[in-house]
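I'd like to ask some things about the structure below.
Labels run A, B, C, D, E and F following the written order; every chain starts at residue 1.
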Amino acid sequence: MPIVTVQVTREGTQPGSDKVTAEEKAAIIQGVSEVLRDVLNKPLESTYVIIEEVDLENWGWGGMPTQHYRQLLAQRKSSTI
Amino acid sequence: MPIVTVQVTREGTQPGSDKVTAEEKAAIIQGVSEVLRDVLNKPLESTYVIIEEVDLENWGWGGMPTQHYRQLLAQRKSSTI
Amino acid sequence: MPIVTVQVTREGTQPGSDKVTAEEKAAIIQGVSEVLRDVLNKPLESTYVIIEEVDLENWGWGGMPTQHYRQLLAQRKSSTI
Amino acid sequence: MPIVTVQVTREGTQPGSDKVTAEEKAAIIQGVSEVLRDVLNKPLESTYVIIEEVDLENWGWGGMPTQHYRQLLAQRKSSTI
Amino acid sequence: MPIVTVQVTREGTQPGSDKVTAEEKAAIIQGVSEVLRDVLNKPLESTYVIIEEVDLENWGWGGMPTQHYRQLLAQRKSSTI
Amino acid sequence: MPIVTVQVTREGTQPGSDKVTAEEKAAIIQGVSEVLRDVLNKPLESTYVIIEEVDLENWGWGGMPTQHYRQLLAQRKSSTI
């Protein structure tokens, strides 16, 4: 009877997309439920999966909002070339 | 000083309603706070209750989004009659 | 298919007890599951309840560990009499 | 590699504001990340911070939705003057 | 930068084992991290996985502690044969 | 009335220590409570802080348990010198 909570940033993985699609969510749910079935013998119907989408300004990394830290990382990378 | 987190699907319980109403939320808050008071002697003012409403496509069950699994269960049920 | 998470301090409610008893846990589980059934028509078998016991030194209140803050509140109270 | 989750009510701290601003969120992220760095020597880039804003009607306190309890506290206070 | 929290009951999946083994935990971590990589293109190093083991008496199902409910389900099943 | 949950690995920051000390926990509680007070004007007594210590084998990073990934990172680093 596992509960799996998946927290991801609310953004797209494909150009032109700005959110996780319903198909991607279904694939995440299927994938993690199968992991619990394969590793711990938990039947699929006993697993609940909760996907939480977090706005980028609500997700901090490196002591700042994620977008800022990503820009910083990109700048550092380009400046070392 | 309990903290109670209640995660429910974002949907209605009555025909025509598509979400948990403010009255239902207030009743949940009162009910679970009273449970903590009655069982553990926690005063009502020391309990925080957080209600998290989860979109149906973000809640997985049976290895798939909840709506799909409910449809599957309904089909299985009708096919055994 | 609600999930209810109940976080409480790991301590007893009765003299001589230093933890939440199995009977108290069962009563909490029954109580909150019945609230979800009564308010949102959720069948008991669709609700999962997780009880998390938190050591007192891991629970902060008033900017300090809970025991310290309780002592402070008790001192304030006695000094105003 | 700490994960810090900050749950706050969705409301403003300044007159005319009804939500936590992006500047306030950035300040929270920076502040708590620095606490983990200063106390546990965790590098800023290893800390994730998640801010969850909770609607007032979804946050219970004193056995009722927060707005109601605040009104009650305000009434009690004014009636004791 | 996903965060995946996996809550499971603290019990074994093999005869003679009463807990989730280190190998099973490693397999869960690998499996769910790969799901996030395959579905959302998240690099493995950006995903944190937290496994929370919950004592059976702290996990409620069907309005009662899980062991009791499992016994009830087993009795119902045997009585319908 | 914020709730701050701080998840850290259960390990020491000083040689010879294998866990977060009570003093470090008190400093974390004070620090994050002051951040909420300074940024959002939340009084210290309205903030709850929960510290969750997670065993190293229960915390995954890089698709594997944290100790393994740290060893891998250390090996990569030394091999590039």
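Keep this in mind: a residue touches a chain if its C-beta (ideal position, glycine included) is under 8 Å from a C-beta of that chain, and two chains touch if they have at least 3 such contacts.
Chain-to-protein mapping (UniProt): A, B, C, D, E, F = Tautomerase.
This structure is a prediction, so every number in the text was calculated from the model and none was measured.
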* Asked: Going by the contact rule set out at the top, which chains touch both chain B and chain D?
  -> A, F
* Structure fact -> For chain C and chain E, the contact-path distance works out to 1
* Structure fact -> Equivalent interface to D-F (more than half of contact pairs same by residue no.) among B-C, C-E or B-D is B-C
* To do: Name the chain pair with more contacting C-beta pairs, choosing from B-C and C-F.
  => B-C
* With over half of the numbers shared counting as same, classify the chain A/chain B interface as same or different. => different
* Cα-superposition angle relating the copies chain C and chain A, to nearest 5° -> 180
* For chain F, which other chain has the most distant CA centre? -> B
* Asked: From the C-alpha centre of chain B to that of chain F, how far is it in Å?
  -> 31
* **Whole-Å gap between the CA centroids of chain A and chain D** => 23
* Intercentroid distance (Cα basis), chain E paired with chain B, Å -> 21
* Structure fact -> Residue numbers in chain D touching two or more further chains are 1, 3-4, 7, 28, 32, 34, 48, 50, 59, 61
* Identify every two-chain combination in which the chains touch. => A-B, A-C, A-D, A-E, B-C, B-D, B-F, C-E, C-F, D-E, D-F, E-F
* Write out the stretch or stretches of chain C touching chain F in their complex. => 7, 54, 57-65, 68-69
* Under the touch definition given earlier, write down the residues of chain A that touch chain C in their complex. => 1, 3, 48, 50
* Structure fact -> Per the touch rule, the chain A residues reaching chain B in their complex are 4, 22, 25-26, 28-30, 32-34, 37, 44-45, 47-53
* Structure fact -> The residues of chain D that touch chain F in their complex are 1-9, 13, 20, 24, 27-28, 31-32, 34-36, 38-42, 59, 61, 66
